[in-house]
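Data block below; observations after.
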Amino acid sequence: MSFALLLIALVLLGSAAAAMLSRNLIHSALLLTGAWAGIAAFYLWAGAEFVAFAQVLVYVGAVSMVVLFAVLLTRQGATAAPVEFDSYKRVVGSIITAGGVGGVLLGAIFGTPLDVPAAPSPAALTVRQLGLQLMGPYAAALLIVGVILTVALLGAIVIAAVDKPEDPAP
Amino acid sequence: MLGSGILKGLGVTAKNFVGSYHDPARMVTQEYPDTPAKLPEAYRNFPFLVTENATDPMGTLRCVACQICEKECPPQCIYIEKSKDKKPDATGKPQLYPAVFAIDTAVCMSCQLCVEVCPFDAIKMDHVFEVAATNRFEGLLLNREQLAKPNEYFHQIRPTEAAEVDGRLTAERQAAAEKAKAAAAAKAAAPKPTTPVAGVADPGPASPRPATPKPAEGGTAP
Amino acid sequence: MSVVATDSFLERAPLLFRDWIVGHFPVALQWLVHHLLTITAILTVFGLFFAFTTIAERKLLARLQNRLGPNRSGLPWFRTLKLWGLTQPFADAIKAITKEDIVPAVADQVLHFLAPVVIVAFSLLGFAVLPFGRYLIPVELDAAILYFFAAGTATELAIFMAGWGSRNKYSLLAAMRALAQLISYELPLILSVVPVVLVTGTLSTRDIALAQGGWTWGVLPHWHVFTPWGFAGFLIFLVAALAESNRSPFDLPEAESELIAGHLTEYSGFKYALFFMAEYFGLTALSGLGITVFLGGWQAPCAFLEFIPSWLWFMGKLAGMIVFFIWIRGTLLRLRIDQLTRLAWQFLVPLALLNLGNAAFWALTSGWTGPLALARWAISAAIVIVPFFLLGRRLTAGYAPRTYRYAA
Amino acid sequence: MSMLQACLVLSSLLFCVGLAGALARSNTILVLLGIELMLNAANLNFIAFWRYGPHPGAGTGVIFVLFAIAVAAAEAAVGLALVIAVHRHRKSVRLQDANSLKG
């Protein structure tokens, strides 16, 4: 266990948990942005520079903005009322479920013999290699992702756009 | 074409930039405390008293303490006390003079009414505006000595009005002198040349600039 | 390229100085000192650059409007020495630090405090990958361009934090405007750089700067801005960079006439100064990227000027860019919010996409020589100029040319 | 515990946090954010296996993550557009309120 990984894990899990527990939606969104940045830090630590920067660009730069806009556009009333939890039953149920899933996952992790190379060779994946792979073997996937993004963009605009005949009754 | 307006605007500002270094006419900034402020001639702030002679301000005040300005002043910031005695004025005629003449500049509203009503052109509006004081009452209350400023100063701050005033005064004095002369002549032509009014009407103040009113002895203010 | 010119003492002087200092420390600490020195150098140089940018901006703006600008602040104890007011930024700094720090009672204390910290921290990150000279690049990253844009995104978050944390309607409105603006212009900004990445085939700023080396006949530099696609990309980059750094004519988030001071309304003293600083750091970093990507980085414009060290060329170009931005600020009026977004989505983005295709054409036809080279230039120029006219006409339809009914 | 296992534990903990959040909260936006967290946790696994797996030279894990990020961005955009659309009709962002098919 490296110290850096421990630090990243603490920040990451802490901000994610705080985001899920916070009663202030804006704080949740900002804390979650912190968690996404923490994930980028993990990628950086793992040597996947390109992915880390892409993660920051997409999550911290774009998704967080969309989330914040959504929060502000769907605010009820002028005051930012705290978002309460629904009921104890729900919270307890969800924690039990999550705990169960976590137990299963951890059990699986420690129960599986992973063949780890004794000394992991330093990953030497340059951006150039990555680009060549994307354009070579994965070109079709890249195109499909492009199409998905375009469709999602158009779909989001269509869904979020104001309907033309606004109902007169408020 | 999109962008042509932007280029034109950039040209204008570039011209401004270059011009600001070699064309002083473009610059509108006056660096005030370093270079004195250039005030327009008609600028007016607080009144001052015109004296005929710079060397003897108190002796040659044009003011005759008629107190019209004191009565006219809307905020009543002028305070005048008449003298008990008379002193010869610029033309040599004995006149009253203000024993006390004070203006409270904290109260003065620069309306220029005192100047309008003065029949003797004795009070005029000044160009000074740096009259800050560190106390609240005494510093802003200007007395006779502080108010008196020579006619040359008046010429300096607003030449046109000063020339006009001087011209008028000279004309009046000349007319008065001629009238006196005519009266004297008439008197002389009259039967017996008695000698009743010798020293008063004859003198030299017929000269246009009455800057030499002799009475040095009258200069000592009471 | 003579060895003397490219490897002179001056060229290496900053590195030699750093190594000399690092050499005084024990080996175990050397890497730490090495990085700390780099950070300190960046902070010092660009802190001072920021300070003098503010005074330059004020003086230049004044001159552009036929005024004098600040020229009074001298030195303490030497009253007669005026120094043309060049010590003004230090006086401003002292004023900002000593002013009272006011936090609104209902503000979100944490976010209100964090916003200026975050914005300064992230606006400084971009400097890490800029090649300031032939041998002066703080961090050599394979994906430097991507890193640069990733580092810049957090400033948007900080602006939102400032706007929302202030609990002020004007601040929030400004924050929303800022978000809309920054998201809108992020796209043309990145799209304007992508053609360069396409042609040079690398994301590393060092390699991009190196790719622009060399001269035709020793005087015509091979900078990207001197190609049709590069020129168009540079213009798009300039506009987008202005908008990204919230500068006039795109300073809507802090439009004084409409929003008081935008997201800065509830900030005072040093926190306000931090926002100000971040804005200039962002502008400087973006200018640095523009220079690296389009204006040849640290390369000298002519072969015989190479004796001047490369980092001086970079700083000179940087100063030039800043002066140009100040000139723009002194000239243009603020856009309206709808004009702003229209300009981004209906003009810059389509043009940037076309320019990407243009760069692809340029890269594909790199073998054309002789008369074909002329054809290559003509086609490439047509690809950007024709859409520029068409899109521009659509954009300005109803606005320009403007007729003034009452003006003479 | 090897490095790979540590990374996997981290990712599964993150997944559980996201899951608990998505289940416990009734605000649609928070649920969406919880799902995003779970997606990111899955991405962590890809990177961990790429880095500590037998073939770090092959970029499969990295490329998969890149695609996942792109798709997640699309998902977030559409999801939040849906939230806004639902909010316009129902004046609420609670999941339980959006329970009829007719808008």
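By letter and in written order, the chains are A, B, C and D; residue numbering begins at 1 in each of them.
In the analysis below, a residue touches a chain if its C-beta (ideal position, glycine included) is under 8 Å from a C-beta of that chain, and two chains touch if they have at least 3 such contacts.
Since the model is a prediction, treat every value here as computed from it, not as a measurement.
Chain pair with the larger contact count among A-C and A-D is A-D, by C-beta pairs in contact. One simple way to say how far apart two chains are is to compare their mean CA positions; for chain A and chain C this gives 30 Å. Centre-to-centre separation between chain C and chain D, using Cα means, comes to 35 Å. Centre-to-centre separation of chain A and chain D, using mean CA positions: 5 Å.
Mean C-alpha positions place chain B and chain C at a centre distance of 62 Å.
Shared contact sites, meaning residues of chain A that touch two or more other chains, fall at 50, 54, 62, 69.
Taken together, the chains touch in the following pairs: A-C, A-D, B-C.
Chain C meets chain B in the complex at residues 60, 63-68, 327-328, 330-332, 388-389, 391-393, 395-396, 400. For chain A in complex with chain C, the touching residues are 26-27, 30, 33, 37, 40, 49-50, 52-54, 56-57, 60-62, 64-65, 68-69, 72, 126-128.
Chain B meets chain C in the complex at residues 1-3, 5-6, 9-10, 12-14, 16-17, 19-21, 26-29, 31. The touching residues of chain D, counted against chain A in their complex, run 1-10, 12-27, 29-30, 32-34, 36-37, 40, 43-44, 47-48, 50-52, 54, 56-57, 59, 62-63, 65-67, 69-78, 80-85, 87-88, 91-93, 96. Listing the residues of chain A that touch chain D in their complex gives 1-2, 5, 9, 12-13, 16-17, 19-20, 25, 28-29, 32, 35-36, 39, 42-43, 46-48, 50-51, 54-55, 58-59, 62-63, 66-67, 69-71, 73-74, 76, 83, 85-86, 90-91, 93-95, 97-99, 101-102, 105-106, 109-110, 114-117, 120-125, 129-130, 133-134, 138, 141, 145, 148-149, 151-153, 155-157, 159-160, 162.
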